[in-house]
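The following pair of complexes shares a single chain, subunit A, combined with subunit B in the former and subunit C in the latter.
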Partner chain A sequence: MNPSSHLSLIIDLSPSQWHLSAQSNNSYPLSFQTFLSHVLTFVNSHLAFKHENTLAVFGALPGRSMMLYSSLDATSANSNDPPADANSYRPFKLVNSVVANNIQKELDAIERLTEEPPVALVGALTKALCCKYQPFGPSTTRKRGNEATTSVDPRILILSVSPDLSASYIPVMNSIFSAQKLKVTIDVCKVFGEETVFLQQAAHLTGGSYIYLGRRDAFLQYLTMSFLPPPSMRHIIAVPQQDKVDFRAACFCHKNIVDIGFVCSVCLSIFCSPVPVCSTCRTKFPMKTLQHLNASRPSIPPANGVSNGAPRPPSARPNPGMSASLR
Partner chain B sequence: MTAATGKTEGQQERSLHALLPFLQTQSQTSLTRMYQRPSSCLSIFRLLGAVERQLVMNLLWLESSIPTSTMSSWVTKEGKTLFDDALAWLARLHILSNNTTTKLGLSPAFKTSMRHAITGGGASVSFGVPAEPDEKRPAPTIDALDAYALERWETILHYMVSSGTGQMPVKPSQGVLFLLQRNGLMAMNQGQLQITSSGFQFLLHTPHAQLWELLLQYLQMVEERQMDLVEVLSFLFMLSNMELGRVRAFYEYSTESLSDTQRAMLEDLRDYGLIWQRKAKCIFHASSRRFIPTRLATTLTSSVPPLPTATHASGAQDQGFIVLETNYRIYAYTDNPLQTAVLNLFVFVKSRFPNLVVGSITRESVRKALVNGITADQIISYLTTYAHPQMRKNKPLLPVTVQDQIRLWELERNRIKTQEGFLYTAFASQADYEYVLNYARQLDVVLWENAAKRCFFGSVEGHTNIRGFIERRTGGGG
Partner chain C sequence: MSTVCTARASYKKSQGLLELTSTHLQWTQDRKELPAVHVAHTEVSSLFSSKEGAAQQWPQFHFHFPPPLALTERETFKAQLTTIISNNRAVRETGVLQPPQTSIQAATPSSNDTTHRAPLPTPSRPSTSRAESVSSNQGTPANDPINDFHLRKKVLVKTPELAVLHRELVRTGHITETEFWEGREHLLLAQAASDSQKKGRPGQLVDPRPQAVEGGEVKIVITPQLVHDIFDEYPVVAKAYDENVPGKLSEAEFWKRYFQSKLFHSHRASIRSTATQHVVKDDTIFDKYLEKPDDELEPRKPRDDDVDMFIDLEATREDHEETGNENDVTMQAGKQRGALPLIRKFNEHSERLLKSAISTDGTGKRRKVDTGDSHGYYSQIDLADLHNLESPAGILLEMQDRQRYFEARAGAAASVEQAPRPAVDFPAALLQMRRDLEGWQVHLAQLKTERKATEAALVSMTQNVATRLDVHKRKADIPEEIFRQMRTCQMAANEFLRQFWSVIYPPIGETVGGPSTLAQRTAKAARMAGYLTKTPEKVMAIVNAAETAGLDRGRVQTGMQPTLDAVNKALEFWETRKAAPGSGAPGARRP
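And then the complex of A and B:
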């Protein structure tokens, strides 16, 4: 028997972005209702794939994140459960109604503010990583073979609509590193909006796949073909990989995404301009190095895109000193 | 790590579920009839291999068929054979419409029902009609259900294992006995049912495999009993998609929407422990109008162990209970008579304590098992499956000496190889002998020869040719 797989689904629930997405002047307008029905179908497909497959759904709302569903604690009966019905497979119906109700509840709870805080994607990502990757049910611990007990392959699928939040660079990177350590694959589907640098890196570094949704009317087909095969199957079923990954980082001082960054040689903090003292580790850099670096900076930094002519530190790295790096 | 798992995955891909070959022999019409029910589609889908499942999903939401080349571009080089296998299987099960060489598309019946299964809806009533909760007579708890299923199942196995030993265990129902006989697991011997060698092998299988083995036999008997195969299968699949009772809101299902065939099945499945039914209150009703599937039924299409192994107070059985030492001693922490009886098949039991059986694996005990038709691999796999958690720290799990010795004991029995054939003797002259022998050598049928005695032994296949050759020669010569 092949191992069961666990899917943590993170749904970006930014009201303003979904409003923009549904506008009819987009080439393929996608309303939240349509999106949700596709996602729920995908979720059912995942659960149909194998009896033991588990699921957790997280929502990233403006300013907060929460767990919307988890098959680990869904076994207890609830008074809000939909009545049993002979025409549908009950676990599917249960998941769908719980997820839809919870999203409805959370969206209703959003206060009307003039300015919407950015979505708490990092919070949702961290919660997803904390979710225990255990096989469903208590009796599955006994399996034949030696390592079969732990062979759930966990993965996270992020359905993102919001743009990058450069302030969250460090937490996102930390999440990526812990995902690597936990051997969790992060898949990203960019449903609306421009490409996000951080999520591209997340997918790249954890061996997942990043897809920018081109034809948004075929959302379900994209989901099924690219994100349904569990990581253990991807050596048979090829899923799209990224051609090029945007490796740019955000500086620690102004949280801007930079083309050329200056890296502290002691603690590897990134800055957008040469600084005399590293704000993270308090290392003082010699004046000479700073002048050197300042002189070698291009006068007008390119507005966007990766520049190829980034200057390198002219001499061997001074110690302590600062080095510019091409990201 | 990835390479290793990849390999095992690839191997598992090819290990098919036991039901699929049976389904493949069914006619397209009956399969199509079965695919009309969403629950059957979902269950069959889950029995398929991983690649097949992914293919079905890829095609599920497409309205028109797509070229096969497009789909195969999604498959890596290593997965090519698996992909072709998968296509062949899907076509044989008539899940894909006929021509798979150029265009791929799901057959319309399967597509509609699978969509209904995933999204809900339709009016097929294929997932079981829930019964109104009955406040007066509460349904049993999950634990009680598990205990019930286990008791039923172990009755069958225990009856098998202790047949012929002189003990008189509880007899399972006539239907079960008949099924065991038909399956060749037990046979009439001197007026008594006795376990056969395939029965011994059966005992060492996992409960999941055992269950399906019995059910397959049941399915094969369906036509003789003039039951409708599609209805029988649909009912099994419906059971496999039902929900095991929850803690408070208990799920009982009503028998009202069932056909007569399916009602008849209720009784059989009750004997196997797949279904729990309340005892009839009055004699006019054959049985209660509601039923509850047990864990045996709800795990039919999954790999979760179908039986709660911790039956008695000791919870350690959940993890396995056998400790095997390099000196062939075996300690089994169990108080379960069935497990003790199964161990007794190939272990020389020295002493029994309330929660522990101590014995050793000896040449005699293993030979006894081998004579019964159990293979060395089956013994080793049984020991591996039920090894105590303490044993799992060892690498390799079982002591190599013991494993090798069990295999050697098996080889011991294979020292003599028998082959049917004919002995050719009494040749008139050495030339005649060599002439015929040469001919036989050319046919590659000579098993033994002795030139001094002018005789050789040829296999059965070559006999007609050699006889013809000799006759032609003697006929031609004089």
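And then the complex of A and C:
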């Protein structure tokens, strides 16, 4: 039997970015309203796919992130539930209304801000990863004797509109590593905005797919075709992926995104300029090496390095221009 | 380069002048300008000098004319070189290079007696180093793995691609041997390390197999190692040897008769040989040592009484005299009686092997006796099941220099370092979002997408998938010949690039044998740049060859593109550097 799949959806709710996306001088403007309808339809189809499928929705707002909906704790009847409607399928209606109402609540909460803090995408990602553990909590056993063994195929889908936050490089990389350990696939759909380096790496390293929307008015088409099939079926239903992955990283000292940097050979932390002592592992580098590297630094990468704790430049990192597919 | 001592010497049968300077040892042939042999101090590592009469010295300098002076000059040279060698060895051990100037000053070349060796300030070293060098019977520098010819050969044999590269570049003369090995010392050192490992005892039973030669004769090669192994394995043979050789039999006869005797056949490691009595003749001497086959209930040799206390059943034997169990005599190796001797032989052999492996540590004991917990008895009975279930304590993440990490983050967050976003009125945007959200139900009900848009999206996604599938299906169909050419071209270009860049940048450590002065480095860089300019033509040649072979030239071009990019980058750099001669020093910053 196919395993049931769990989808964690992370929605980027940065008002300024949505404002820009809805402006008509874009190639295919997408307003938040339309976007939300598309997303709710997609979510409904995910739940309709299989009865056991589960869902969790997270919102990433400027400055904070929270869970908007979880199918695990939506089983009990609430007084806030919408009244029963003869024309709509109740579970769908439930999901839609809970998500929309919660977004409304959160937007109300940040009403009084004048300046927009950066979007807490990383916080939402971390929460989604922690939420993975819910079905496998210490109180519940995964497989019971007579119950059918249903293993869960978890994945995370990030719908992002804002650009990269270079200060979040380290947390994003840590989340990626935990996702690899937990065998969670991270898919990314870049709805609006420029290319994000870190999310590309996230999709690539966890085996998910990264889509940059070409036609934003056909958003639902992209969602259905690329993100609906669960990872267990992706070897049968091929999903489109992006071959070009930008592997740049952010330096640890200033959090700037760098093309070429210096790597500590002990702890592999990246710096944009040679430092006498590594800040993460406190390894001292010989002064002579530093002088040589510094002297040879202008705009050309140095080629030599010494082991035993000296900084050495990383081997060729492919620039965005290099593509892996043959045309 | 001050000359310290000179002498007339002949090298390879031609006359010339041998000079020892403060940095080099060189020999210039008569009437020639350049020294034919030019050896840096650091490369001199061993000295071979024959006795006084033969007058032979590495690298085969013959001190000539007139003879008595020649001898003293040779002694001088020997002394200097010995000091240099000992210094080199000291450098390798302690990393400190002491200039041999002081000792050279002390010995003047014009003195006529050999006692000038006395005022040398390093007293013990020269004698020991001389002893070492005299005992080494070849002139090759065995102590210097980096320059060792045999090691290089071994490494080349091991990695065929390196061998190809070596053949292409060094044989044709583009790159010299030292340059080739300059960045690759780690390979040589690894090879030297693995060569110097000692092999342990072989695990197989000693079973020399006779090789059948034409004529029906059987031949066994007897090496001293084999003899030693046989004596180790079968002490009976050792006993027989001691008693019979050289009294009754000579050594050759002993072995000849041994291999034809029943004793040898009973020692063979296969059951079938024991049944060949009808083939083997009786032998008066060796048959005395025949023993009964070892197939009784108990093995002939009792096992070692070194049983662990916790599993020793005999420990409480006296409590169970009347009521306890009998020894289990049915515990025999194997089911057939005929196989028992062989199995027991194997067991004994393995035990011997293990014992020898363990006891090479120095002590014969198998366990270290700790204070308090002798033999580790307590730790053996301390089982994990006996402890309460505890959740594992996590490892605390200790971050070095938290202050700096968090400071950096705060600093970055405060400054807007991303590309400047178009200024958006945040409250207005927020308001719009909230308004958008209000009518969501209605909007959801009215959701529809345009057909053309969705089709376009579908087409683009399908294309993406199709291309990837296509790439998977398509096999690499570049013919082997073209592929080989591409590969060699790329390897050669890489090697030139490596040499080029390693010369451009300031050296990291003390490079032995590499170019050291700025002029030499510039010359080498110029040479490499010259080779690199030829690379685009080579690539074009390969592309044309591919086209004549019927291939798509675009593919070959794409394949070689990264190499071309790298070469162009290096050439660009070289051009800018040549154009700005004042900024030749590595400290310059380019705009």
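One rule holds in what follows: the second predicted complex is superposed on the first by the 275 of 327 C-alpha atoms of A that agree within 3 Å, B and C clash if a C-alpha of one lies under 4 Å from a C-alpha of the other, contacts with A are read in each partner's own complex, and residues count from 1 in each chain.
The criterion applied here is as follows: contacts are C-beta pairs under 8 Å (C-beta built on N, C-alpha and C of every residue); 3 or more make two chains touch, one makes a residue touch a chain.
In this text the structure is predicted, and so the values were computed from the model without any measurement.
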| item | value |
| --- | --- |
| When subunit B and subunit C are modelled together on subunit A, clash or fit | fit |
| Subunit A residues touched - subunit C or subunit B, whichever exceeds | C |
| Superposition-derived angle with apex at the Cα centre of subunit A and sides reaching subunit B and subunit C, degrees in steps of 10 | 100 |
| Which of subunit B and subunit C A:P29 touches, first, second, both or neither | neither |
| Subunit B versus subunit C as contact partner of A:H19, first or second or both or neither | second |
| First (subunit B), second (subunit C), both or neither touched by A:G63 | neither |
| Contacts of A:M225 with subunit B and subunit C, given as first, second, both or neither | both |
| Touched partner set for A:H51, first subunit B, second subunit C, both or neither | first |
| Subunit B versus subunit C as contact partner of A:T41, first or second or both or neither | both |
| Which of subunit B and subunit C A:P171 touches, first, second, both or neither | neither |
| Partner chain(s) touched by A:G214 [first = subunit B, second = subunit C, both, neither] | second |
| Touched partner set for A:P91, first subunit B, second subunit C, both or neither | first |
| Distance of closest approach, subunit C and subunit B, by C-alpha atoms in Å | 5 |
| On subunit A, the residue positions that both subunit B and subunit C contact, one per complex | 41, 96, 220-221, 225, 238 |
| In the complex with subunit C, residue positions of subunit A that touch it | 13, 15-16, 18-20, 22, 28, 31-34, 36-38, 40-41, 96, 100, 103-104, 107-108, 110-111, 113-116, 118, 163-167, 194, 214-215, 217-222, 225-226, 238-241, 243, 252-256, 279-282, 288-289, 292, 295-296, 298-300, 302-306, 325-327 |
| Touch list for subunit C against partner subunit A, complex | 399-401, 404-405, 408-409, 411-413, 417-419, 421-422, 424, 426-430, 432-434, 436-441, 443-444, 447, 449-450, 453-454, 456-458, 460-462, 464-465, 467-469, 471, 498, 501-502, 504-509, 555, 558, 573, 586-590 |
| For the subunit A and subunit B complex, residues of the former touching the latter | 1-2, 4, 41, 44-45, 48-52, 75-77, 81, 84-93, 96, 136-137, 139-142, 144, 146, 151, 220-221, 224-225, 228-229, 232-233, 235-238 |
| In the complex with subunit A, residue positions of subunit B that touch it | 2, 5-6, 9-10, 12-13, 38-39, 42, 45-46, 50-51, 53-54, 57-58, 60-62, 73-76, 78-79, 82-83, 116-130, 206, 241, 243, 246-249, 251, 257, 299, 301-305, 308-309, 318-320, 384-385, 392, 395, 397 |
